[in-house]
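I've put the structures underneath this note.
Presented sequentially are two complexes of chain A, the first with chain B as partner and the second with chain C.
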Partner chain A sequence: MRRSLLAATAAAAVLAAGAAQADEIRIGVLYPIAGTGAVYGEPAMHGHNMAVDELNAAGGILGKKIVSFARDTKLKPAAASAAAKELITKDGVDVLVGGLSSAVGLAISEVARQEGVVYVATIPKTIKLTTEKRHDHVFRTASHTDFEGDAMAQIVAQLGLKKICDIQLDYAYGHDLAAGIEKGLKRHAPDAEKVLDLRVKLGATDYNAFISQIMGAGCDGVTSGLWGSHFVNFAQQGSPFGLFQQIKYISGGEIASHEIAGKMKGDYPDNVWSNTYELWYHHHDPSHVAFQEALAARSGTGETAMWPVLAYIGVKFIAAAAEKAGSMDADALSGALKGMSISTPVGQRTIDPETHQADTGQFWGPMVRKEGADYRVMDPVTYIPAVIEE
Partner chain B sequence: MTRPVLAACAAVFLLLALVPLLESNYLIDLFNEIMIYALFALSLNVIIGYSGNVSFGHAAYFAIGGYTMAILLTTYEWSLLPAFAAAVAFSFAASAVVAYFCTRLTDIYFAMLTLAFSMLVWGVAFKWRSMTGGDDGFVGVDVPAFIAERVPFYYFSLVVIGAAVAVLWVICHSAFGRALLAVRENPIRAGFVGINTRLMRWWAFVVAGTFAGIAGSLFAMVHRGMYTESAFWPESATVLIMTLLGGMYSFFGPAIGAASLFLLERLTNEYTEYWPLVLGTILLAILMFLPEGLAGLAQAIRRQILRGR
Partner chain C sequence: MDSIIQFVQQDLGNPGLAALLSNPSFAFIQLMNSFSQAMNLFIIAAGLSLIFGVLRVINFAHGAFYMFGAYIVYSVAQEWTGNFWLGVAAAGLGLAVMAVIIERGLFQYIYDKEHLMQLLLTFAVVLILSDVAKIIWGTDQYSVSYPAGMKGAVDLGVTFYPTYRLFLIVVGPAIAIGLWLFTERTRFGRLTRAATQDREMLSALGVNVPIIYTGVFILGSVLAGIGGGLAAPFNSPTPGMDATIIVDCFVIVIVGGLGSIWGSFIGAIIYGLVFNYGSVIVPNWQDVFPFLILLAVLLVRPWGLFGKPEGGNA
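So, the complex of A and B:
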């Protein structure tokens, strides 16, 4: 009974793995497609497919058609690690792209290191990915927690806040962002004092205990990296208590994106300063107009999401590097990505050959009500470049 | 050991030894993980099938073995043998302490206490970031160079698991195993016959925990990482379902259950994100139609065929 089962699966798997491969480029894509992370994962998938379709329409990469193999990471490092390994060993992908959540990014990067496959991290922000955990095959096109924390500290200084409560998710991103903010505060607002440190479990839905702690701590500013549905729940539970009237809320985690502002509409609280990689209503780079129109046509709505651009840029980097290297070989690809510079819908992006980190800055600003808009928009929009001035 | 069983075991072992010849990294990883889960499920069955108690917290010892191995190999740079011995010793010690408390209770109280202890282990893994990596997991385990490659590690894993299963078989079929069955069937009568039922149940728990620790230590090496999910209660539920699916009244049943459930999860993952729905349906089907699991089903079919002859 057991023997026949083993034999049958072995045969099936061998057949599956032996499918056609030589004349196509295989990209392994890892985003969360269900659950808490889907708010960001689904639009990211959209941008990924848009880039792949554009490239295929223009003849693919190195004259070969691009085929994507997508797997759900479930927002968990263990699942992401297993999925990444399977993409490499079973589907035979040439390169890995994606990752959402810093812990997931680190887990995928470890698989890439073991298997010797290039991984382009499009969303994970933990600084460790390009510092202590960097290896020859990992590259990041997203921003990172030191840039983000520094920008948040600049806003703290502008607003003249003195007492800061920090609330972060209890995993790599939250811990590293807290460290980034701390370093930033020393540079930009040395007299601001942190009075409260809170840690929330990833995926948490009940924030009442944290809200009362913040309100009792007497801080005038809150720094945070609660992203996606974490922020939505936090804001909905905090607003009735007047939390956002009492403090200024400075947040990383891209809660200024259309995904969050457009979803929350009237529930979006006052006094929020946040960031985003892209805004459908703000044309920082001339090429953004065409990109946004194409995305709008694809999404069926003029008000387009922010995450597509990240996944889009990741694929474009891979394509440019492959053309430059003339092959999909991991070492050649890695060599080409070092110092690679491409123009994107949000401006020129260059990967540092030493750190493997792209100079990805973000748009920052207050989220305000505006005449004619049925949800909050960022105004004024300020681009804070990926530079840390000591 | 009866001759057909021995022959079947040897055949399975040989077939598993041939897997690397297929030259598919995917299959090597797949079979490696199946073997690890098979050992995990077999170890749980010592508590469930042999001593007649249901543990909802078996993942704790798997995680203790895994984290010990990961941390000692990587953070403290121990070599393989001492690290492995420590992983076994830690899971032995942890299950010995927990068993001391749990075996004072039976039935639902026993089950709840095992769950409580496993959540404690999860809590430590989650909060002790400097040591375990917390929610990010312990990523990047340094596997010793001589088994760092896929194929040598596969054979290492095969030998360790083969030996562990053989030892488990001997334990379960010794006088100790028979005494456990007596305790399971009728603890009062067993007590009157002169069996120290609590001590027997304590030993069953410790054996189960220790072998789960061995499975966990291999898991940490094959994944080059250890994650808090491995200690969380759904993991305990998964291995429980594996055991039930395979059949708790048969020694090898849980291994079959582990292989089936693991393969099913891998296959459904490729088509749908609704794995929990599939899992729930399977559990429902076992409870209603297959109380003795796949092993029981196989036996019923065999009886049917023999009768038909």
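So, the complex of A and C:
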């Protein structure tokens, strides 16, 4: 009796889920929500929810309400892959969005390929996602390591640096960024010489052994992709050695974002050139003002983080593609995303129909002290578009 | 010498080793780096080792205590007072309070239980504390400034070296000697040593053993808190920092011998040397090296360099 009741309830639940699915759009969201990665996942969720709320207020997608199913990727490819599968099979999501860390992005993409579900990668930057690992259902709205490396090489050329030390994290992102920088240097600064290659493990806390190697190598520039707390620790350990007085530090990994500069305040070192997708104080596109105000209201601070805009753009792309395709069918969605162009708070974005890669450029510049600000700001801000000139 | 350097550079293709051989001040800096890293790790590992030596509990939450120490320094030194040393004192005090609550509330019930139970309980504490830290401090990565007067570097004749790191190199041995004097020369220290030998006999002699246990647990935890506090200026307080440190500490106390202060001291120095020279000479193997020492010690001397074999009358 009890068992049959249970079975009946389960059947009813499945039916209800099926019924619900008919009049709602289900988006599977994959960010690190707890643990180390939450520092990025939490703000990313703000941006995601903001986009979903805006769309729902305007009638949803194809007249249906959008419902998000968020799962924690724990910054681990295995966890992300399991979560993505569960979202598809258990929650019956129509599309996957998110991903943080290049390794996680590749893992989700693999599930999307096997299950034939569209995945929009909003944060992972490894070039492989849109080259050798590309498939019909994966699209990227983030930048990638070749764009990033090329922009860094342009800065190396501008500053006239001749001897480069490269220090990277020892995983997909670090390796691919190093390759991107190398290609970029050949284009923009062919006479710059790479004198030192260092690889640091992900999550490393002690950088002294590497700092003294850089200082002894006689380089005038350091290229790097140490992000988040990796950079904070590297800078805190390098400053007393006078590292940042000796070299120019050109960094990917968005350490120019407000969340790093605002936290390090006076400890943020000199001579850093870096990138960010968005700056709360820089209005590149007129629509950015409204976006930033809405985000500020949602985050409870006027000085908003960089990550929300990435998650926000991902959802907006899905919505635009679904409206164009007239359905949430994976193949129709994939077809619509190819060549799709939308305007975002940081400018127009177009997905290349061949590579599935959006032309997402970034803001680059030196991090300087400024009158009236109690932390460093980027000035001047230069938008380096996602164009690689061969 | 020059021909050796040339051989290393060109035939072995090892620029790191060549740099060490050709540049004495670089080799010296790596030595200093080894010691300063080792001394910070020693302070934390000594606490873990001390607690195990007396309570026979492997406290997985020790890393979380370290993380709390770092966070407390951030709040007190960076947010409220601007005084780093006040922050470190607060970290020690805060951990003492946490230790009393955790030892009296939880750990005292598991001393007689099997290791698996102890492991599960301390691991549960890890998970709880990491969530508590997230509720209090959120998920941001923070930055703590060096204390006033220790932001720069000191001229050692051969080379400049960061003042704060030199301070760590001095403070580590001072703590080691303090701990040694405490266990060897004080009445409480003698009682703790007795408790490691035979706690039933000690209790029969009228000594209040639970108080000794609580005292040792406080001392060990305060060391973790101070270690975390002292690390905060170069290790950004951030979620997950507990997991990294606990692995390093386990390597050190196992190499040195569980329960031995000098064992942790030497274990930490070995760790520092291997990490700092290893990452120059064989950079691709930097993750593996600590575990290779661990493996070597476990094979040759499973009770550690300064430990005593289990199962005797100990």
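Simple rule for what comes next: the second predicted complex is superposed on the first by the 370 of 390 C-alpha atoms of A that agree within 3 Å, B and C clash if a C-alpha of one lies under 4 Å from a C-alpha of the other, contacts with A are read in each partner's own complex, and residues count from 1 in each chain.
Here, contacts are C-beta pairs under 8 Å (C-beta built on N, C-alpha and C of every residue); 3 or more make two chains touch, one makes a residue touch a chain.
The shown structure was predicted, so the numbers you read here are calculated from the model rather than taken from an experiment.
Peer 1: Based on the superposed arrangement, let me know which partner A:A34 touches: chain B (first), chain C (second), both, or neither?
Peer 2: Both partners, chain B and chain C.
Peer 1: Quick check for you: in the superposed arrangement, does A:E278 touch first (chain B), second (chain C), both or neither?
Peer 2: neither
Peer 1: Once chain A of both complexes is superposed, is A:K201 in touch with chain B (first), chain C (second), both, or neither?
Peer 2: Both chain B and chain C are touched by A:K201.
Peer 1: Please indicate which partner A:G228 is in contact with in the superposed arrangement: first for chain B, second for chain C, both, or neither.
Peer 2: After superposing on A, A:G228 lies in contact with chain C but is clear of chain B.
Peer 1: Using the touch definition from the top, say if A:D166 reaches chain B (first), chain C (second), both or neither.
Peer 2: Neither partner.
Peer 1: Please indicate which partner A:F210 is in contact with in the superposed arrangement: first for chain B, second for chain C, both, or neither.
Peer 2: second
Peer 1: Could you tell me if A:H175 is touching chain B, chain C, both of them or neither one (first, second, both, neither)?
Peer 2: first
Peer 1: What is the contact status of A:E254 with respect to chain B (first) and chain C (second): first, second, both, or neither?
Peer 2: neither
Peer 1: Just checking: does A:M264 make contact with chain B only, chain C only, both, or neither of them? Give me first, second, both or neither.
Peer 2: second
Peer 1: Quick check on the output: what are the common chain A residues between the chain B footprint and the chain C footprint?
Peer 2: 34-35, 201
Peer 1: Within their complex, state which residues of chain A touch chain B.
Peer 2: Against chain B, the touching part of chain A is residues 1-3, 5-7, 9-10, 13-14, 17, 33-35, 71-72, 74, 76-78, 81-83, 85-86, 88-90, 102-103, 106-107, 110, 113-114, 133, 170-172, 175, 201-202.
Peer 1: Quick one: in the complex, what on chain C touches chain A?
Peer 2: Chain C residues touching chain A: 15-16, 19, 23, 26, 29-30, 33, 36-37, 130, 134, 139-143, 145-146, 151-153, 160, 162-165, 233-236, 238-241, 244-245, 275-276, 279-280, 283-284, 286-287.
Peer 1: Under the definition above, what is the set of chain A residues touching chain C in their complex?
Peer 2: 34-36, 38-39, 41-42, 196, 198-199, 201, 203, 205-206, 208-210, 212-213, 216-217, 228-229, 232-233, 236-237, 239-242, 259-260, 263-267
Peer 1: For the complex, give me every residue of chain B touching chain A.
Peer 2: Going by the criterion above, the answer is residues 8, 11-12, 15-16, 19, 22, 24-27, 29-31, 126, 129, 134-137, 139-140, 223-225, 227, 229-230, 252, 255-256, 259-260, 263, 266, 269, 273-274, 294, 298.
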